[in-house]
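One structure below.
Every chain is named by a letter (A, B, C, D, E and F) in the order it is written, and numbering of its residues begins at 1.
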Amino acid sequence: MYELGVVYRNIRRADGDVAARLGAFGSATVHEAMGRTGLMKPYMRPIYAGARASGTAVTVLLQPGDNWMLHVVAEQIRAGDIVVAAVTADCNDGYFGDLLATSFKARGALALVIDAGVRDVRVLTEMKFPVWSKAISAKGTVKATLGAVNIPVVCSGALVTPGDIIVADDDGVVVVPASLAQKTLETAATREANEGSEREKLAAGVLGLDMYNMREPLQKAGLKYID
Amino acid sequence: MYELGVVYRNIRRADGDVAARLGAFGSATVHEAMGRTGLMKPYMRPIYAGARASGTAVTVLLQPGDNWMLHVVAEQIRAGDIVVAAVTADCNDGYFGDLLATSFKARGALALVIDAGVRDVRVLTEMKFPVWSKAISAKGTVKATLGAVNIPVVCSGALVTPGDIIVADDDGVVVVPASLAQKTLETAATREANEGSEREKLAAGVLGLDMYNMREPLQKAGLKYID
Amino acid sequence: MYELGVVYRNIRRADGDVAARLGAFGSATVHEAMGRTGLMKPYMRPIYAGARASGTAVTVLLQPGDNWMLHVVAEQIRAGDIVVAAVTADCNDGYFGDLLATSFKARGALALVIDAGVRDVRVLTEMKFPVWSKAISAKGTVKATLGAVNIPVVCSGALVTPGDIIVADDDGVVVVPASLAQKTLETAATREANEGSEREKLAAGVLGLDMYNMREPLQKAGLKYID
Amino acid sequence: MYELGVVYRNIRRADGDVAARLGAFGSATVHEAMGRTGLMKPYMRPIYAGARASGTAVTVLLQPGDNWMLHVVAEQIRAGDIVVAAVTADCNDGYFGDLLATSFKARGALALVIDAGVRDVRVLTEMKFPVWSKAISAKGTVKATLGAVNIPVVCSGALVTPGDIIVADDDGVVVVPASLAQKTLETAATREANEGSEREKLAAGVLGLDMYNMREPLQKAGLKYID
Amino acid sequence: MYELGVVYRNIRRADGDVAARLGAFGSATVHEAMGRTGLMKPYMRPIYAGARASGTAVTVLLQPGDNWMLHVVAEQIRAGDIVVAAVTADCNDGYFGDLLATSFKARGALALVIDAGVRDVRVLTEMKFPVWSKAISAKGTVKATLGAVNIPVVCSGALVTPGDIIVADDDGVVVVPASLAQKTLETAATREANEGSEREKLAAGVLGLDMYNMREPLQKAGLKYID
Amino acid sequence: MYELGVVYRNIRRADGDVAARLGAFGSATVHEAMGRTGLMKPYMRPIYAGARASGTAVTVLLQPGDNWMLHVVAEQIRAGDIVVAAVTADCNDGYFGDLLATSFKARGALALVIDAGVRDVRVLTEMKFPVWSKAISAKGTVKATLGAVNIPVVCSGALVTPGDIIVADDDGVVVVPASLAQKTLETAATREANEGSEREKLAAGVLGLDMYNMREPLQKAGLKYID
């Protein structure tokens, strides 16, 4: 499925400003705005609580136990990018540590999303370089086999095309295709606008049952109250 | 096994004061006081370190990918309750977020224990609304199929009858049947009383081998020391 | 495979000073210095972020759901030791809590590494007694069956011989055989020395591709750039 | 939650004939007839393909790594019973082998359902003694700690009360409370009766879309066909 | 990421004859021929040993616990197709049983590949209708929420575009994009041709070390033999 | 922990006849005879039901996604050996298929035990070449990085020294150190001798409670019968 041994240098990035604004809504709202699709598997967790990032995806395909291509992708990073790393097989090795983070950060990367393991998490946390990963492991890797850079990849169950927008926080990682970014932003904004007044009402003790007019459909579905 | 499409409005809650006092002992002590039974599976984790809660259970049975009944259970919450949510199948979706938390809190709920996923964990953490869950996921849910409220449920391997006491902290979630609450409280108190002096002795370098008179039974069991 | 019912009182500990210096390098560097071997499985996690410890191993073999031997091993602890606990079967029970931690600490133990569960993690965190474990669980254990103390054990996939050096931090747990400690220290020191200047260059925007001379081998492997 | 150290000798068993007839429908049909509840977790698998059994439950609660109570429950077995074994903690040890199977069979047991491991599966298969378990393991167990016999237990996520009907086959294990057995039988029979003619139509190429009148609700839900 | 509520009726299927010939090579050979990419996760297992199938993909996206769209996709099946079913969240429910299999078979489907659970496996086995799934479960599903048919889906970690070739057997499930089918066939044929003579030599005791000329590169890599 | 890049050509193998006789007892009996130690994790499963093998271990340490050393170990195989393959990290790739099996068999190997994945399982089954593995996967591997041959390895949680006896069947894989082989054989024989008469009695309806004199210790432990 994957084209190996290639590096695509020119990708069409989604608008960085849209990425920033989507990030402000958070992954849960953006995921809803996309019809509840585009989410990576929930095993992807930030290495520190409160991590959040949004940006444009540069992608890299790695081989098991081999981080060679992370050095190749570093050169393709531009300010505002998030590196999205997939692996051709399940692997928990620590592909990425503080040296690569220093390099990525110097190139302008905002975060790493990797369907594998990372290490040096104490230093990464101190650097405030956010990473979402499947595992944490001190296990290092070799540099022997080619993967690819900036091809479409499946990462943690989600398809990521280079240039897509990534929104990541404590709740998970959502992928927004560049072509849907603007529309998703509008849907998210509308949704968020409603949530403000809803929150107030709920805080005042109003029930969702009433606010969302659920009593009738629940009754139709057959719900019975028993005293 | 489950009665579906029903909401029991009148349940007999255990004494709230007993719940509070059991909570002060913590889940490990309470679990010991119950003969090492009543514990949910250890995959149930608090969404933030240091979370702790104890209260009376209102229960809800959910369908996979469907959080409709969380709105129904909200109405049945009274001050001092903990909502215990079971699902009819394994599901990691994010059933619960900051809006429902606002509603639950307004109704007097102290916590949520859910054998599924939750989202908006940053806001839930800021609200100090403690949740014990199987997963964290931005994935939202639909509202289409009935479950039930305030029926006995199996949540994370433990049977929870409405009105039971729930004790939850960093170590896990324990269920104390209402009928055993008072006796468990007494056993826990006795146990805790002993622990104080034990801790002092151990801190002074006394060995458990001596303090608990283990040397003889170990020898009888055949333990040999080799120099 | 295991000799049961025995306690070896005299073990040859690696040099404590070497242990301390290896600990300063961290598990990732030490693991690299050992040719990327000696690491426990990545499911071993510290009970609190930022935990780190290094010391000499005293080992204990436990039976499922039975923590009797933890009291036996306590007597064998000397200042600077780390207790490494293996179990003869997979078990997530909470074998260890604040009382045993008080005892271990009084005897001079620096940490516990256990291929099972622990409890009282709030208190352990307050005590700053670091533990690496497979699980957290309020579930207590019995005291009925013999295991062994200070025999070689397989813990979380790694062979640990009594007296070996353990280096544990956020990235995981590495075992350094006593006989390789000095050499590993030297290799780690060399490695670390290089990393300082590398980090500076990477921070200045130099690419790993150039710094590590990767462009030629990548080209030979067939990597193609596409505009 | 559990009463320990007790053996209830008199339990009210559901009708054995009803159990046999429910078994003929299979676990999937019975599960549907119960409103899609009562199913154990799908990790419960038969030790050989094609295993199937239905009967009345005698229950046993075991301690981790300890099969003492399996000998106690043997005495309580009557012809037509299925032994349902829960454990107070997660454990994959091999609690049950060919000797116990010989004993269970001699007492009239039809099967074992155990939320743990078993061994001697080659002999069990030759004996045609069906077992549903979480694991297969040569690991033996001790006989040291009391559990209980014929108390209600939570086994693999399902509540089992002594005397309930168990229906187990390749698709899983369903629990039918004694009080619902007759009604479930009727619902299952109705369901099955319909399936015969449905199967014929589907085999002839009729679509479920038409047979179940789904086209209109799909259209209402907004489904669009694109050429 | 996904377009919901749509059914694409016209898809461009890869050549059925190429699919059949790729199937004869088996998933391992095809996977190698594709540069070791295109494989679904190894948790996908056939419901019976020896199952094998190859054909053209029609795809369906399902919602958690909801199999409505399987009835919709049935209408889109043509002779030689394999249905590939993805779910928007992790779910082990039994989405598919003998009635749907009867319908799929009548429409000409050769197999089902589903990233979820199935049931009625005994009957499916008797029907010789092969299924690759993540789980087996008697748990049924509702029909309430729209997904999509014949959109590109990520199934078990692999991207499947409608019309792609699926090769499935005991070793797993491989996806061959329609555009690469012919070339993959040629590569696989070459590979297979070599394997025949290699097998003969190996059977005669010739070592891979010699046959593949590995001794020199191993020596260069530093391998040392110790007597 | 591991010495890399080495092949030990001379190992001291345990007696092949003892291996054969231990194999006849099966893994469960041998495991008991060793005091319930020496068992690999229960995730190790045979690729076909009824597989069984016993022999002397030649060991190999592999790197993630890299099967180069399997060709190296092939040369070290002698008649009666079982190859035991460990990996330096968790990996489910298909390291081994029918070509390597042909080679191993030609060299006299009786089986493979591998803490990773294998492929071509249909052909391996037809060849009757038994394999115990963690996974089945069509995913192939590279040949780029050195491991080691005939060093002590930790495989699936058990320490295996070259020359040890391996006993593997449906119940799992047990390792018997060469030095304990004779004694284990005697203990197993005694144990098995008793089982014959026990089986007869149990088949006749005698209870383990009586045969093993458990009634008194159960009563002492506090067991109560309730009518």
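Basically, contacts are C-beta pairs under 8 Å (C-beta built on N, C-alpha and C of every residue); 3 or more make two chains touch, one makes a residue touch a chain.
Note that the coordinates shown come from a computational prediction; the quantities given were computed from them, not determined experimentally.
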Labels of chains that are neighbours to chain C and to chain D: B, F
Numbering shared by both copies at the chain F-chain D contact, with half separating same from different: different
Chain pair equivalent in interface to C-D, over half of contacts matched, among A-F, E-F or B-C: A-F
Inter-chain centre distance, chain A versus chain E - centres from mean C-alpha coordinates, in Å: 27
Chain B and chain E: spacing of chain centres that average the CA atoms, whole Å: 42
Set of chain E residues in contact with two or more other chains: 36, 42, 88, 90, 92, 137, 139, 145
Contact graph of the chains (line, ring, star, complete, other): other
Which chain pairs touch, all of them: A-B, A-C, A-E, A-F, B-C, B-D, B-E, C-D, C-F, D-E, D-F, E-F
Residues of chain E defined as touching chain D within the complex: 5-10, 48, 68, 71-72, 74-75, 92, 94, 97-100, 102-103, 105-107, 117, 119-122, 125, 135-140, 143, 145-146
Chain B partner contacts - residues on chain A that touch it in the complex: 26-28, 30-32, 36, 39, 42, 45, 49-50, 52, 169-172, 174, 195, 198-199, 202-205, 207-209, 212, 214, 218, 221-227
Touch list for chain D against partner chain B, complex: 1-2, 4, 34-38, 41-42, 88, 90, 152, 154, 157-159, 175-177
Chain A-touching residues of chain F, taken from the complex the two chains share: 63-66, 88-93, 137, 139, 142, 144-145
